[in-house]
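Quick heads-up: structures coming right below.
Note that chain A is present in both complexes that follow, paired respectively with chain B and with chain C.
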Partner chain A sequence: MTGAEPAPSRGAAVTLARLTKRFGSVLAVDRVSLEVPSGSFVTFLGPSGSGKTTTLNLIAGFIEPDAGEVFFEGRPVSRTPTHRRDLGMVFQNYALFPHMTVFDNVAFPLRMRRPLARRELTAAVASTLALVQLTGLEGRYPRQLSGGQQQRVAMARALVSRPRLLLMDEPLGALDKKLREQMQVEMKAIHRAVGSTFLYVTHDQAEALAMSDVVVVMRDGRVEQVGSPRELYAAPATEFVADFLGNANLLAGRVTARSDETLVVALDGGTVLRVPAGRAAPAPGEGVKLLVRPEDVDVLVDERTDGERNALPGKVGEVIYLGEMTRVVVDTPEGVVVARIAGQRGGDLAPGHAVVVSWPPTAVRLLPRPTAP
Partner chain B sequence: MRPARAVQVGLTALILLYLLFPVIVVLAISFSSATYLRFPPPGLSLRWYAKLAASDEWLQAFALTLQVGAVTTLFSTLLGVPAAFGLVRLELRAKALLNGLLLMALITPAVIRALGSYLFFAPLGLVNSVVGLACAHTVSALPYLVINVVASLKGFDLAIERAAVVHGASPLTAIRRITLPIIAPGILVGAIFAFLSSAQELLVSIYLMGTVRKPLAVKMWEGVRVAVDPTIAAASTGVIVMAVLAFATASVLHRRVRRATAWDASLPEAAERSPGRV
Partner chain C sequence: MRPRALAWLLLGPVAVWNLVFFMLPVAVMVGRSFDAHGLSLVHYRNLFTTGLYVSVMLTTFETSVLVTAGCLLLGYPVAYLLATSGPRARTVMLVLVLLPYWLDYIVRSYSWMVLLGRMGLVNRALIDLGVVPEPLPILYTRWSVTVGMIQILLPLTVLTLYSAMLRIDQGLLHAAAAHGASPSASFRRVFFPLSLPGVYGACLLTFVTSLGFYITPALLGGRKDTMISQLIVTVSTDMLDWSLASAVSVVLLVVSLLIVVVYNRFFSIDRLWGGSA
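This part shows the complex of A and B:
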């Protein structure tokens, strides 16, 4: 790196304290509290209308909270206007300045924030463009660039002044799948290289899992669950989280008996299964939902299953070959169960075949069954 | 050519002819060799243009119209651009009322506006003054600016301005550096309309500036009433050329504004060339 390259900055620690924003009669953000450690990559994940973008706008200062406070490094920022918050931001449609060249777009934050000599300015812009792998297009206008290139310019503009906090609002949403996956890898590398705190908003669970240190799942303006991608995927706290992160088979039932290690669950369709009792296992009589991830489910044609596994008889509904794996949809007495069979097995399955779906009891997660509304 | 297509082309040509007919007549008469208004002209000559150029009265009228138009454009722009920002960006309860008031300036009968302006301006000593007439013209010119700038602002992606603010520009700097250059074409078109509305306005001008110095519109009106020689046609052609030039300038400027609003002026390193700019 060149001499103009500043050392990685320490990212800002961000705290949200009971942040609340109302639009008319809609509670867009409802008492959101969160600790974002310095230098981490935190993603707000949720469906549209869950309040994730509003939360980001509150942190940026584009809108003011009705209640609650945002803290940077422990200091409240509600009295600090947006332009003094030392932020970088990548917008959904990039929001590049159409009347400026790539060079001027990227130089903009430096010109606003610190007056540099011409040579330093040029060097800083060049090194940032190198960071996002976009050298040589300095003289182009945004309209002369592809979507992916515009995205990189937007990244460079957000990064060039080395802000301690970077906000990103669905920055990859407009790119095609392949480019999106490539940018995910690059973005993670960039995060490591610059050391700023990244706050990222997306509705794409794969994106959230791939890049984040911490994922904040949002729903109806509230935080549903906070955790590392592994925690959220393996141990979702609610059905919503289980369903939103990845695919989930959810089987409804009721606990009929419980010992120290085992729970007996009668499913609504009549099947009785034994699963390991977790730490906070529900008591007999309580309703539960069993979460089984499709990749834990196996599909066998013959009826032989060893007694250790949970098994359900069924009939193949669909077989969808996806190259690296096959998705098999099976109709069982307990509802539809989806299995993901890795590799090239499953070629002999066809709709209508009688099969047995099974999974190891240790693969089951117990979720509370919401009381009927 | 198929018959349907022929009918279509024919009709279009007729409508265009109908719309342009007055302009064609005036243009033709201005080059007439006859000493009275007659169409079609019996012969061609440039004598009326020569007469126009030799006449101090006409030249002064031209100059006065340009002055009043320029001041009107300036006033309307200074008032209209902020007004448009307010109408688009602020949450005003009286927004509908303000819109209505602006449009009223367009639909109020000119005679009433003229009389009102006169009664209001006379005691203030604003009669027979360039600034006074420009103030009165601004009333009817302002809506052209507001309407054009409001349309531009509504089509403007607010995220672009936010991007400037989030990256360190104060709200005013963001508007000056980012928003205004991007909506400049809208402002320009509004300004041209404002200028033309002032240049062709007759009634208010008669009331406020009819005696000593006369703007072009008043001079032409009097010309038609008193003397009927084709000098008026030549002057009218001048006005038409002015309008065409205004719009041509606008489209050229539009392109140049885009380039010029990149970082050139007012920055220390401006003298050097940005390496990226080709």
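This part shows the complex of A and C:
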């Protein structure tokens, strides 16, 4: 192996150093390096097959890495079997023990890890069930519980022994939308209450944004970008991240001129726009993609736009009323542009209307344009 | 074609076959067991009051219990290994388990005679090694019957256990490990309890099959190790007492059915072949 190994910090709950795992000819995890600060809520986000679950399984110790190392608080753990890693884990299908009651499921980690007197055990189980708001069902079996209740039992089992590291593999994936959103809020509160490090895996970008301190976007076994939800949403480093987190209008073009403050971009459809030049603005001649979030786009019926704004003429393709806002899809010479209009505006728009979409140049984010293959 | 008509068409041939060649003979047999120039229980009274017959039934029961226990003890670890191995090792082991199963059990019973006989492989080895001065009487004992039957029935036990173990969610073992269970604790607390339905099922199949065994006890057993199927043959072909033979058969049939019914009452027989409880 070549390259400098990042030194594992003792302050980090988990450090991944060039972690690599291959399944047959597929590189499932490809030299992933990462520091997870102690006590943080870190989410691995990516589409299926991006390596996020494999990374979690490597951290849990269910599988061994082909190369690289996992450190817990600075200590390498590749030779530590799973049951000595002091973990809690919530599985996608919950993996509750079907032959045990709720009480025995939740008591399981305590019985395995530290022998307690019956009374202490009962108290610990009761307080953990209270934490996940599931009291009074101790005698039931998992099959007698609803999906949401099973999810809470799984949380309680993961939390009861107060492990320093909690791993969660799409724990809300099997719940309906409303329950999922409620559990996101509760999970955040539980994280604050217990103070453990949470490592969370999901393919749901809204979930990742809502709960995490840090989001690790993964793609094809690699880390695409690491950052806080706000950083990732506002300043995605790549088109993939921009598209995966939230909705994105991406307009392809080429830089034709650059001054200290302004960049002139000729879009592929012929429109010329002026946008602020960032610190690392591309040079004239380079291809770029302009990212504009739908909430920054306005749709006007008349042609008058003040010269300060970037504007594109177009035709309304579709108007989708969503209650708190309206989604307007507009066909422009540069491709489809989606706008989100807040509140109750947009009621007068209908497919076929000639409109102008516009946005403030400061809302534009410049992304590198992948060279055509 | 209506589904109902199709169902009859599909089931028809086997239904007719079973009716003519199985249900009818069984009915004739049951009728004969109650027949002594009129309806009578005399054959059953004979059966249950004659010391020899009662002891044959007890021997059958004891041997079947021993065989079932032996198959379970030897088969469980094999099934566990099968269920927890990778696909390649699993295929090799499955073939090894099935190989003796494909060999006719009469052949296998004769092989045991060769091995266990007075001057068989086992006795020769023991004498040559100086362990014993003269051949041990191993063949024609309860033990030779038990060993032979275990060897013949073991694949059945292993495969039944294995198919039940395959249905245990591997994720549960991950969950156990993630929450502090060592491999042995994980086995004791999670895997073993969840494998119990398979254990009961394997016991049922092995035991009921053992009850009706004929060739192996006939070849490997002595006079005192006679089992119920041998009794049926002796009574019907040597004594030509077809009514008594029928009564013995009915007892075997009823006991076997009773065990299956009781099992089904508690564990649902579907589960043996992959249905859910």
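Keep this in mind: the second predicted complex is superposed on the first by the 361 of 373 C-alpha atoms of A that agree within 3 Å, B and C clash if a C-alpha of one lies under 4 Å from a C-alpha of the other, contacts with A are read in each partner's own complex, and residues count from 1 in each chain.
The rule we apply is simple: contacts are C-beta pairs under 8 Å (C-beta built on N, C-alpha and C of every residue); 3 or more make two chains touch, one makes a residue touch a chain.
Just so we're clear, the structure is a prediction, and the values are computed from it rather than from any experiment.
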Overlay on chain A: chain C relative to chain B, clash or fit: clash
Contacts of A:98 with chain B and chain C, given as first, second, both or neither: both
Touched partner set for A:157, first chain B, second chain C, both or neither: both
Superposed model, chain A: greater residue contact from chain B or chain C: B
Partner chain in contact with A:321 - chain B first, chain C second, else both or neither: neither
Touched partner set for A:71, first chain B, second chain C, both or neither: neither
First, second, both or neither for A:109, with chain B first and chain C second: both
Touching partner for A:121 - first (chain B), second (chain C), both, neither: first
Chain C-contacting residues of chain A that also contact chain B: 60, 62, 81-83, 87-89, 91, 93, 95-99, 108-109, 112-113, 157-158, 161, 167
In the complex, chain A residues that touch chain C: 60-62, 81-83, 86-89, 91, 93, 95-99, 108-109, 112-113, 157-158, 161, 167
Contacting residues of chain C [partner chain A, same complex]: 169, 171-172, 174-183, 185-186, 189-190, 193-194
For the chain A and chain B complex, residues of the former touching the latter: 60, 62, 81-83, 85, 87-89, 91-93, 95-104, 107-109, 111-113, 115, 117-118, 121-122, 138-139, 157-158, 161, 167
Residues of chain B that touch chain A when the two form their complex: 157, 159-160, 162-171, 173-174, 178, 181-182, 258, 261-263, 267-269, 272, 274-278
